[in-house]
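Next come the structures, one after another.
Shared chain: subunit A. Partners: subunit B in the first complex, subunit C in the second.
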Partner chain A sequence: MNKQRKFSIFRYNPNTPEIKPFMQEYVLEEVPGMTIFVALNKIREDLDPSLMFDFVCRAAICGSCAMVINGKPRLACKTLTSDLKGTITLMPLPVFRLIGDLSVDTGTWFRQLSLKTEAWIHSEKKFDPEAVEDRMDNRIALEIYEAERCIECGCCIAGCVTANIREDFLGAAGINRVARFMVDPRDERTPKQYFDVIGSDEGAFGCMGLMACDDNCPMQLPLQSQLAFVRRKMLAYGLWGK
Partner chain B sequence: MNYTTIITDVLVVGAGLAGERAAIEAASHGLDVIILSLVPPRRSHSTAAQGGCQAALGNCAMGEGDSTDIHFNDTVKGSDWGCDQDVARLFVETAPKAVRQMALWGVPWSRVVAGKKVLPDGREIEDKKEKEGLITARDFGGTAKWRTCYTADGTGHTLQYAVDSVVIRLGITVHDRTEAISIIHDGETCLGVVARCLRTGELRIYLAKSTVIATGGYGRLYGASTNAIINEGTGMSIALDTGIVPLGNMEAVQFHPTGMVPVWILITEGARGDGGYLLDKNLHRFMPDYEPVKKELASRDVVSRRMIQHIRKGLGVDSPYGPHLWLDIRHLGAKHINTNLREIKNICMNFNGIDPVKDLIPVRPTQHYSMGGVRTNIDGAAYGLKGLFSVGEAACWDLHGFNRLGGNSLAETIVSGWIVGRKVADYTRGAELNYSYSLVQGFARKQQERIDKLISGLTGRENVYEIRREMEQTLMDYVAIFRNGPDLQKAVDKFQELHRRSQKIGLRSGGKWANPELTAALRLPGMLRLALCISYGALTRTESRGSHAREDYPKRDDVNWLKRTLAYWKEGADLPELRYEPVKITELPPGDRGYGESSASAAGGNKAN
Partner chain C sequence: MQAHKLVTRNPRAELYYDLVELLTGVMLVGFLWTHMIFVATILLGIDVFDALSRALDDYYLSYTGIPIIILVFIMHVLTAGRRIPTRYQEQKVIWRHAKMLGGTDTWIWVFQVITGAAIFALASIHMWTVITGWPIRAVTSADRMHAFWWFYLVLLLLGEYHAGFGIYRQFVKWGWFPRKPLGYVTKMITAIILTLGLAALWVMYKLGGAV
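This part shows the complex of A and B:
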């Protein structure tokens, strides 16, 4: 006989503000290998079809299902219930706009982040379909990919004190995104252009150095060293103009 | 009631790679474009493609001498001569250019590193100094050369991020969390869609000179699929519901050899391409017994069948989830696994608690790809309605015929997105938007009535999730890798019953706002019509070709079946109407694939005893 597990889940629909937010309890039998993905779908299909939450890939690739699980921002799809003690408490990520229950709008937030950091290759080069590609050292390609692995799940933002108190802070995801373009030889931006994007309290200097982002990142991105890298670049520009 | 109405030049439904690439092309030609998507673009299923993207660049040692001709031959053989060869030719010629364009847009393709290397089978190869720094490639199934370009273990992710970065740079409007639930048309021309907002539940009308369906595949009709949970064939379904747009080759369903038991998450073909083995319960490497030449790297349909054949001999490993086989990559070494195959390692650790550096991975063939879809011509224009286009997995362009090669789907997204996007732009610039607003409102009202009916519960109390589970199980039991007449007939009967029951769904949760039960209930009848197109098409096709393997008709039958199925659905019908059209053969006449069960001797009427 499998163990019964108790879930305590945040409920609120912004379309019906007259019903105040509350925590709702559900009890499920814990099957072997049960993840929060499996559990939430079971709850929706068998107990409460109105419950809102987001999953897409269910394989820790797409970044849709981040939520606060027993106090920590994590990807629900790869969190096993057997790794959690006692009642399992699920809350939506803070900072992001709530759509309903556990569902939050990370998409709009991250598109804004891309716009603010101009997160695309800045290049004057025109595409010539007949030409062979420019060469790149494979080590550089891997270095770019290391930073590009961010899946924009929002765990680093939700767990960040600065992001929770100031709305315009780009957070670790933003700083990492800029670092990704800084190491890319195809991007022709100057140090000044980067400084204008990230050399402020909204960017690299807003961070208080608590580094919860680094602890919470489900992709294990080296967010602490990315911050240090970007700050060094900003410092070099500030001191020597390059 | 008045509905919010939004008018644009081009409406793209689906923000995965194919949809976004087409949107960019249309926007670059000065057109207003709106993309609708179930999820934010960077959450699309395209990001899950780990393995790579085929293009005949010929840069790496094992790709030397590659050409578009060889890529063409591989693709046509892979399709078991079911593809349109003019499309395949256009595709292979464009793929190298598309891959290089992606390099300019920011994809950090893995590059050639010069020097000698020893492959897992002992062969020594040397990457030349003069190729160093060019885009490299890895080995994939069914290919004569190493041709699959990749970004470490995250090819789809880096492609989607690069393409989406261009969408953002160009300021293309994306309405995410929006689902197209009906195509608006006047019987000749497509006028746009009725869409439901998945934030508020509101119905909206989108009117456009051209509409592009780019919603991906229908993998989630099956109970065990590698696909993301949003892959429910929504775009194909609304195209079918027009009654005049056909779906092509819906019976052609790809099973990927290595879905991980029991969560069915994909272990990329790159694992075998890089030298991984398949083992049975005695830890015997069995694929060379069946396929001495291609071994683990025959095409996916062949490897999947060999695996099931081997399991049926009692050589599978027993588990609570049914028998499975092992994927062994331990001999590739920790360094290789931790960089080039890191995603596999993460998936194994996170979802199974195993470490592929020292453990075997439990695998079984799992539904993976929909070769069929909205039938289009070589320009991506859908049959039946002017102004309607389709790209990517949602479309039957038809590049893949009855079996898609690994690495050809990512390549298809960026190639067809580019080509079809240009054709959409050409069409749209010459088109006008003429509509009767009462006709348009009629389409929205019809959807509102469906919703009201579901909420009221007056038509019945059927449970949407119960019907859905029965559909998933029926497809797994009767319309999977090996098929036969009696089983397929059972499936068709069952889906007809479920389709009738799906008209009597009653919600249990009120259905207000963006209610998820209502979302599921609105989709399910269309999903069952797709299931009927798949199973009825499979029942009628009395031959074996590519992924469609009939135990009662084990041979390919070029005399009677060298043709494409077109499925139409007339309003109120309980079965699709099937018509057929010839396959375009321009260069390579039907022959033997060189792997798999021999198909060369196929002729008419070779029913098995």
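This part shows the complex of A and C:
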């Protein structure tokens, strides 16, 4: 006989605002290797078809199933119930628009981020499909790849105090994204162009260094060093113009 | 963008704010640690303490240093204080968030704000009493600390906490060192200075109240 696990799950549907947010309890048999994602599907199938939550890939690639698990922003598909003690409390990520229960809209937020940081390679070069690709230094390629591992799950944003009280703050995901283009030799943006985007409290200087992003990133991105890298770059341009 | 905002906009303003917060913070930490070492000269005897105080006066270090520190103190309050959430909902969000997350660094920051506000009040009182009771001599300081030891104990603890974690946070933000060893080093320095401060406070307490 497997252990019974108790879940306490945040319930709220914006379409029925007369029902105030509340915590609902479910009890489930824990099976070996059970993740929060598996448990939620089981609850929806067997106990409550009205429960709302997001998932796509089940393999920590898509970033859809991020939620607050026992107080910490985590991916449901990457969190084993056996690693958690006692009642498992599930809340939706803060900062993002609540769709209902555990489901939030991270897409709109991240699209805004992409537009604001112009998260694409800025180049005047004419593209020649016949030409051999430019070679890239392996060290730089790895640096870019490291930043690109971000799956945009929103855990860093949800954990961030500043992002929770400042709507315009780009957070670690945004600053990491800019850092990615800063090291890319194909991007022809000048330091001034970067400064205009993140040389303010909306970007680099809004960070208070509480490092909840770094502590809670499910992909273990080096967010502290990325944030510091961008902050130092902004200082270099702001004071010495380079 | 509206006209006033368009005309007054300085794209570097927030960089400068951040730098002033950093520099004034580092200066205040440096000052606090030096100050505590100076006060701890009482451990070497009344004569050493008074000689140091006289020397600082003779070379005009007190007269130039104190006004500068007051200015730096005010600038630090203004620049670091700009981050303090003052609205009701922001306050509720911060407390709820800190409790939910249980992150050490987030809680440390909440206390950083509280200790900062408390230091603003207590350090102002301290500066006022010291300046109005000029010059600094072991006897007068000892009497003060004998009577108000609880005030100085609180101020010492708050000051060291705020300074230790403040400098840690700046290093984390600018990324000069990795986080874990950095926390260890700042805690060690804080422990040393705190021990010195407590020892000095104890000696002063014993010395004072003789009359």
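Methods note: the second predicted complex is superposed on the first by the 242 of 242 C-alpha atoms of A that agree within 3 Å, B and C clash if a C-alpha of one lies under 4 Å from a C-alpha of the other, contacts with A are read in each partner's own complex, and residues count from 1 in each chain.
Going forward, contacts are C-beta pairs under 8 Å (C-beta built on N, C-alpha and C of every residue); 3 or more make two chains touch, one makes a residue touch a chain.
Source: prediction; values computed, not measured.
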First (subunit B), second (subunit C), both or neither touched by A:Pro94: second
First (subunit B), second (subunit C), both or neither touched by A:Arg186: first
Touch count on subunit A, higher of subunit B and subunit C: B
Partner chain in contact with A:Lys125 - subunit B first, subunit C second, else both or neither: first
First (subunit B), second (subunit C), both or neither touched by A:Cys57: first
Contacts of A:Met208 with subunit B and subunit C, given as first, second, both or neither: second
Touching partner for A:Arg231 - first (subunit B), second (subunit C), both, neither: second
Doubly contacted subunit A residues - partners subunit C and subunit B: none
Footprint of subunit B on subunit A - complex, ascending: 13, 15-16, 33, 35, 44-46, 48-52, 54-64, 78, 99-100, 105-108, 110-111, 114-115, 118-121, 123, 125, 127, 129, 131-138, 140-142, 144-145, 148-149, 151-152, 184, 186
Partner subunit A, residues of subunit C touching it in the complex: 11-12, 14-19, 83, 85, 90, 93-94, 97-98, 100-103, 105-106, 108-109, 169-170, 172-176, 179
In the complex, subunit A residues that touch subunit C: 68, 71-72, 91, 94, 159, 161, 164-165, 195-196, 199-201, 205, 207-212, 214-216, 224-225, 227-229, 231-232, 234-235, 238-239
In the complex, subunit B residues that touch subunit A: 39-45, 47-48, 97, 100-101, 103-106, 108-113, 132-136, 151-152, 154, 157-158, 161-162, 165-166, 168-169, 174, 176-177, 199-200, 228-230, 262-263, 265-266, 339, 343, 346-347, 350-352, 464-465, 507-510, 512-517
